[in-house]
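For reference, the structures are reproduced in the following blocks.
Each of the two complexes below includes chain A, the first together with chain B, the second together with chain C.
Moving on, here comes the complex of A and B:
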């Protein structure tokens, strides 16, 4: 049943064209990140030369593979994050709003299965796209910077996968609560801002899901003790399951 | 100028990729009936797709349809 619903979801995402938005952003930023990291110092250098600023010495360290992956992670946490949330947040709320959800659910499909199929589908699509873009980024970084250790970038991308799981579950939760896309986006970013405020407290910070993005960068620039990473990973996964559970619970008791 | 000729072959795939995305999106825009588009205006969407670089196609596919 869930597979059937997921196939329907796939057709929908192709038909509305939202899949292309995801595909374009993942592919483009995978290739552009290493390129930007490589060429930014050169562009600055040529700007300085053309301005003939004599006596002004600006030292720019030569770019490394680390800059490429830092740029990649920055794009993942900003543009791709926003694209993913906007594309997926409407899937439940808009169907409720348009009334297509009632049509499907009156056919005897279990509500929790319906909502879970959407969540699993979103997770699979974004995971697949993330893997492709990571491999592309790896390949292009390899072309531009030659040898480098793969382990660091792999671990930080895996941390992003956990972060992805978290914000997709938050998407499900806010989409279940809101009646349309705008409302759901409001709830989503409301909770996001709250988490940002919580990160002020140093005691709570290591349990904050947003701390994962700091760890991603740390894993590229230096080394992270596994013990230190374990706290936010476990709390993020627990929080994600809580959001999924609450989202489904609210949706089950909701009047459509 | 020496620098630019060194950089160009490496940036080339990026430019090509962006062009492919833009052409793909423009073809979708031309084929789509006007009534399905937000604001029902193909010229506005065409301009958005062409001038915003990579963001143009992304904006079109997220917000372009009703």
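Moving on, here comes the complex of A and C:
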């Protein structure tokens, strides 16, 4: 049943063009991140020369593959994150709001399966696009920097996968609680702001899912102790399952 | 056998009693008209029957299953909401393919139902459809899994006369084949297609009977009398306790509403004779469903 419901999700994102928006975003940042890292110092240098600032000495360290991947991760954590949330957050709330969910659920389709099909689908699409963009970014990094940073970048991207799992579960939870996209976005960013506030407390920060993005960068720039990474990984996975469970529970008992 | 049975079924929203102690039976194979003014609780009853909301009190058996314990019965129901919304990016065929897929229905059935609702050759996206076409597609999705019970929530309320006729013709074509539970506030539609009618007001079921019985029950309570001097008869009739209301109609006519027919049938001819009036017409008026409805809800 979940597979059949997922087939409809696939047709939906193709026909509404959402898939192409996601694909474009992922591909664009996979290609542009190494290019920006490579050419930014040269652009700055040429700007300085053209502005006749001969007395000014600006030292820019030569860019490396690390800059390319840091740029890629920054885009994943900011722009891609927002694009994914905007594309996926209405999937449950809007179906409730418009009444299209009722047409399916009154035919005896299990509510848990219906909501899970959406979540698994979003996860698979995001993971597939992330994998493609990761490989592409790796390839361009190799082309521009003649370096193949597979180990560090892979660990770092794996941390992003866990982070992706977390914010998609938060999307499911928010969309289950909200009655429309705006409400769902409010709930999502409300929780997100709370997590940001928690990151002020050093004791709580190492369990905060947002700490994963710091670790992603650290894995690129230096090295991360597995012990240090385990705390946020485990707490993020637990929190994700909690949001999935609560989202499904709420939706199952919700009056439509 | 009853397809729907409710026992003190109630749904309260804070202070409002949307459905209040509803005891309703709907027999298999009939077209049941569920009538009521706006806000009477018709849609809430349907939402209760479809497990979209939980009852505050009471229970219901639909297709032999307790709705509070099982959801399997939903597989045997086709439902059309009052304002159906679709995945507008699909064509009708794609939309029905989705339902056929999740309900394990043979793909041949898609052609059958598209033929029934006359959308077989329609290749455009649903988003471009008129209201009437969407309503027909709504019936198609309700029929896709060949359900034994169809629940239609105000299927004609927002349609133009042509669209209304199409939907009513469709319902008529399904009559006898399926049990149809049909909520509406348009009395002419009920009169045209329904076998039995239930009237709901403020969440309470005021009556549940066949249209024929209702007409019989209410028909012998209004008389139309034409005499040469209606004013004289009007004044005389006012004295009798069995007269509920009187009104002058046309030039020589009087409309007399009575509480019980047994006495007036003997008394009125006697009065006409005593008052030395010429009787032109004496007729029992057949009430329309609208008259019955207005009388019941008021």
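The rule is simple: the second predicted complex is superposed on the first by the 254 of 256 C-alpha atoms of A that agree within 3 Å, B and C clash if a C-alpha of one lies under 4 Å from a C-alpha of the other, contacts with A are read in each partner's own complex, and residues count from 1 in each chain.
Just so we're on the same page, a contact is a pair of C-beta atoms (placed from the backbone, for glycine too) under 8 Å apart; a residue touches a chain by one contact, two chains touch by 3 or more.
On a predicted model such as this, the values are computed, not experimentally measured, just so you know.
With both structures placed on the common chain, the touch criterion links A:1 to chain C but leaves chain B unconnected. When both complexes are overlaid on chain A, the residue A:104 reaches chain C alone and has no touch with chain B. Of the two partner chains placed around the shared chain by superposition, chain B is the only one that A:32 touches, whereas chain C remains out of contact. Residue contacts after overlaying the shared chain place A:255 against chain C, while chain B stays out of touching range. Of the two partner chains, neither chain B nor chain C is touched by A:206. In the superposition on chain A, contact of A:40 is made with neither chain B nor chain C.
Legend: residue contacts after superposition of the two complexes on their common chain; A:16 is shown touching both chain B and chain C. When the two complexes are overlaid on their common chain A, residue A:181 makes contact with neither chain B nor chain C. In the three-chain superposition model, chain A touches both chain B and chain C at residues 16. Across the interface of their complex, chain A is touched by residues 47, 50-54, 71-75, 77, 79, 81, 83-87, 89-90, 94, 98-99, 101-103, 141, 145 of chain C. Chain B meets chain A in the complex at residues 3-4, 7, 10-11, 13-14, 17-18, 21, 24-25, 28, 54, 57-58, 60-62, 64-65. Residues 1, 4-5, 7-8, 11-12, 15-16, 98-100, 102-110, 255-256 of chain A are the ones touching chain C in the complex.
Residue ranges on chain A touching chain B, taken from their complex, read 16-18, 20-21, 24-25, 27-28, 31-32, 35, 38-39, 42, 45-46, 83, 86-87, 143-144.
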